[in-house]
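Look at the two complexes coming up: chain A is in both, with chain B in one and chain C in the other.
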Partner chain A sequence: MQLLWQILVNGVLLGGLYALMALGLALVWGVLRIVNLAHGAFIMLGAYVCYYLFAGLGLDPFAALPVAMLVMFTFGYLVQRGVLNLVVRAPMFDTLLITFGIDVLLTYFAQLAFTADFRAINPSYAGDNFELLGATVPLVRVAAFGVALLLTFGLWLLLMRTRVGRAIRAAAQNLVAARLYGVEPRNLYAVTFGLGTALAGAAGSLYGVVSQVSPYIGSSLTGKSFAIAIIGGLDNPLYVIVGGMVLGIVEALTALYIGPTYTDVASFGILVLVLIVRPKGLLGRTA
Partner chain B sequence: MTLPVRAVIVAIVVALLAAVPSIAPAIIVQFGISALIMVTLAQSWNIIGGYTGYTAFGNSVFYGLGGYGTAVAMVQFHLPFAAGLALGAALAVVFALLLGLPVLRLRGQYFAIATLGLVGVMTAIVSNLDIAGSNSGLVLPLLKGDTLFYELALALALLTTLTVAWIARSRFGFGLIAIRENEEAAEVMGIDTTLHKVLAFMLSAVFSALAGGIHAYWITYIDPAGAFDVTLNVKMIIMVVFGGPGTVLGPVVGAVLLSAISEILAVNVTSFAGMFFGLVVVIAIVFMPRGLTDVMRRFREVGWRCFQENVRTYRV
Partner chain C sequence: MRHFVTCMLAALALGHSAFGKPIELGASIQLTGPLANTARYYRDGYQFAVDKINAAGGVKLGNAREKIVLRMLDNQSDTNLSVRQYVQLVTQDKVNFLLGPYASDFVLADSAIAEKYGVPMVQGGGASDQIYSRGYKYIFGTLPAATEYFGSTVEAMAGLDPVPKNVALLYADDAFDVSVAEGTRKLLGSAGFKIVVDQRYSSKTSDFNSVLSLIKSRNVDSILVAGHETEILNFIRQAKSLNVSPAMYAFTVGVQSDDFRKALGRDAEYAFGMTPWLASASLKNDYFGDGVQFAREYEKRFGYEPDYHSAAAAATVEALIKAIEKAGNLDPEKVRDALTRVDFDSVYGPIRFNTVGQIEMPQTVVQVQGGKLVPIYGPKGFIEKPLYPMPAWGKR
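The block that comes next holds the complex of A and B.
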């Protein structure tokens, strides 16, 4: 019972981070109709940006996180403006292939630039933890969970309450009508994709704090993000949190009862199962 | 051309290709083996992706199962190579049948993502199987001499291409094309769409698995990351899309061309070869999304402007 409680706490804390990972993917998928296979690679890049700010400049990872987000926003904006805007109206199949090409490019780039060594962002307080009803709770995981929830709520506010958010939602619903009302898609799409990669950058920074980073983590993280986006649907960021928690808890239970090497079986299995049973998504609507 | 003339031409080309190991240097034969394996994989993808219109991202699962069937049979049970190939092919066909039934009900991006998910599931499962050597993989017995592998790969590529040629002119193939063009209409016309799709998936599986088995025995090593590599699946797609999806010879041209390009890159710019592949994919999708044949035809009409027009079609 004690063990199960500990596992649930771990699962929920991990789930918050997972939700943040999937958030950018769901935003880009829902608005731009781009199924971004490079999403995991963007998370990986964000983790490296945070790592070098931490290891090179000695910045605290939670202070480095906004910087990493800004860097990744700029990068994502340029990728959409320079490349993806050229194919955004092509059949879904083309965007799948081109984002896979970007994924390959980024992975090999990371391997050349950062080497294949595993890196971890471990500030002085990395080992601190506290007790919660008998469960040990690592401080950084709680902080990562808090930041993830904050950013998710921030995105929800941005989409619901700001001009840019309204324009993004309008473009997602009906691009032609949105254009008639003065929405300029080239810039708006780039901003949306930039927001998606900024969220990936934030998720990567937090991932680097609670786990280890290598150039090859991308494809597994893309898979997890897809599973969460399929569970949560694409129309509400708050549902994505639920999707993230579901995956976090399922993975934690799998690690406990079947074995820690089976977590990928669980996450990819959920992805396939949910698609087969309810292709429109479990909670919300998908594209 | 009449059919007998064509048959004679095909026979001459095949005889010339079969004679390659006895006249060409070893490096050409080795390139031939990997190119012929790619031809087989591209043609298998052509059946499900080109003719049926289902953009599978999970064909590398069949390739991996074929390789693992062969490896497990030879290493763990000391069976002959032929038995291993049969086991691998059987595994892939059963997988295509059992998972094809639910997954082929999905359309478009959902089918693509589900098959991509299957690759993840299979990689993770095989990495945990002791009989398959877990994460570290299996080392197969060494067989000297590339000639046997070359002739096997040639025979398989030929068989796959002949099957596609049969599909192109058979009732079954017209059924697949009807599904690609409009699945509801095909259903209304009395085509058993489920049967057609699952059969196409199984055909795709059996050839990919045989290619995987030959490749595993040839390089005498198999591991989960290499066997189920999604990049391989994307290569199949690119080869078919560039050669011409839903044609008999297009995938052959695409596979040989792309194999040659990646071979030249691998020799000249070893550490950047992987990045170049990514770059090729990005540039190709931006400038020639409808393949090489389309560009060649339009290039004759409008010259360099055809690239400009291609970019204009899909941008915002």
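The block that comes next holds the complex of A and C.
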């Protein structure tokens, strides 16, 4: 019982981080209709930005996080304006190809620039923990979880309560009507993509604190984010949190009861199930 | 003028044929991709050895001396690509001999090409016993058997005070680590250790929280992990954050490498590892002087500390060269036969292949103490005092 409780705590905390990873992907997918295969590479870059701020300037990773988000926002904005905007109305296949290309480019650029050495963002409190009803709770995971929730809620507020957010949703629902009302999609798309990239930057910073950073962490994170976005649904950022939690808990339980070799089988198994039973996501409107 | 150039070219061509073609060695290495971090030991180890041998005049073939050329391709950490590249090296580039890639999964696949085309492959990157269990004749390896990796660790564990009561065994699901686990299970059994957790994990995993929680709930004394550096890095960090501190833990890889210890900082302390090689002045060699000189020159040239992979890579090239000199020509079959008879002292240790083509070499147990790698237990027993039991994370 004790063990099960610990595993559930682990799963929920992991799920929070997962959700943050998927959030940017879901946003870009929902609004721009681009499945960004370079999302994991953006997470990786964000992790490096945070790592260098931490290791080079001695900045606390949680203080470096907003900086990393800002850097990644700018980067995402430029990538959208300079590259993706050219294919934004092209068929899905073209956008997949181009984001795949960006992924390859960034990954190998990262190896050239940062070498293949492993890095870990390892502040003195990285291993601290506390007891909660008999379960050991890692401090940074809780902090990461908190940041993830905060950012998700922030994104939800932005989308629901601000002019920009309304414009983003409008563009996602009906672009022609949105344009008639004066929404300028070029800029708006770039801002949305920048937001998605900034969220990837935040996820990367936190990932570096709880795990490790190398140029090759991207592709598996893209896969995870993709699964979470589908499981949760694209309609609402809060759904992504649910998707992340489901995946986090399922993986933790699978690792304990079936064996750690099978976590991917379980998570992608759920993905397939969701696609069959509820193609709009667990919480999405049924078609 | 044109006449002169033609003359020069003709002279060059003649000169070329007079001294014969250089001996070409082909290899497909993970220069990029997730395995690039460890594969660089092979990239640099192979190149270092080739340059040293060339600087010493090259390979003795009869009365002549031939230079060697290394043709290295990047397989991007993709097994399928590496197989295609070895086919290319043999059929199109027509290299004379093959050097192996890094990691057992790759060697398992690529050695089939060596076998099919009858071109000897000497490799220092794969230790899985599966490589040698297929009766292949053209594959030779300079890493000791995977099943024996934890042998010295288990011996050392029996000599610890107090002896660990029980053991958790974790391993990744690739050829090498599965072999390690198979061997270790037997070793632990015959040494009388009780295995209370025995789990295989996916080598893509970065999350060990469930396994660590299980280990904690079973009051495990000692943990043995066979995996890759990234996983072991995550494992140690997550052990700290979940406050899992057994009396000892030991790992197949990671601990030996400089950038791994740097990434973990103080958290790397107390971790045990193993290595068949430590830079020692007693390892005399014709090309490199001795082990210490090898390490010093290597670090100066490549900017990082060599570990046993580097030394194994250098010995791999030298074994092939020794066999070519013994055979006296470049006939693949003759060289293959000569490989079964090589017997020399490399900078890595004595090289002698057994009947299946693998070498036997004891592993020295090492431990991270004060950021340095300290030899703890070797074939002759304890060398330095182990820091044991490991203090709890909060008491460091």
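Rule of thumb we're sticking to: the second predicted complex is superposed on the first by the 281 of 287 C-alpha atoms of A that agree within 3 Å, B and C clash if a C-alpha of one lies under 4 Å from a C-alpha of the other, contacts with A are read in each partner's own complex, and residues count from 1 in each chain.
Just so it is clear, a residue touches a chain if its C-beta (ideal position, glycine included) is under 8 Å from a C-beta of that chain, and two chains touch if they have at least 3 such contacts.
Note that the structure is a prediction, hence the values are computed from the model and not measured.
Considered on the superposed chain A, chain B and chain C are sterically incompatible, since they clash. In the superposed pair of complexes, A:85 makes contact with chain B only, with no contact to chain C. In the superposed model, A:226 makes contact with chain B only, not with chain C. Of the two partner chains placed by superposition, chain B and chain C are both touched by A:108. In the superposition on chain A, contact is made by A:264 with both chain B and chain C.
Shared-chain residue A:1: touches no atom of chain B or chain C. By the document's definition of touching, neither partner reaches A:133: not chain B, not chain C. In the superposed model, A:116 lies in contact with chain C only, and not with chain B.
By the document's definition of touching, of the two partners only chain B reaches A:97; chain C does not. In the superposition on chain A, A:186 contacts chain B only, with no contact to chain C.
The superposed model shows chain B running into chain C at a single listed stretch; among 1-9, 37-45 or 217-225 it is 217-225.
Of the residues of chain A, those at positions 108, 111, 220, 259, 261-262, 264 touch chain B in one of the two structures and chain C in the other. Contacts from chain A toward chain C in the complex involve residues 2-3, 6-7, 10, 14, 108, 111, 116-120, 122, 126-129, 136, 138-141, 210-212, 214, 216-217, 220, 251-253, 255-256, 259-264. Of all the residues in chain C, the ones that touch chain A in their complex are 32-34, 36-37, 40, 77, 173, 199-202, 204-211, 213-214, 216-217, 229-230, 233-234, 237-238, 240-243, 259-260, 263-265, 267, 393. The touching residues of chain A, when paired with chain B in their complex, are 35, 37, 83, 85-90, 92-94, 96-98, 100-109, 111-112, 185-186, 189, 219-220, 223, 226-227, 230, 259, 261-262, 264-265, 267-269, 271-272, 275-276, 279, 287.
Those residues of chain B whose C-beta lies close enough to touch chain A in the complex are 55, 57, 102-103, 105-106, 108-110, 112-114, 116-118, 120-121, 123-125, 127-128, 230-231, 234, 237-238, 241, 271-272, 274-275, 277-282, 285-286, 289, 311, 313-316.
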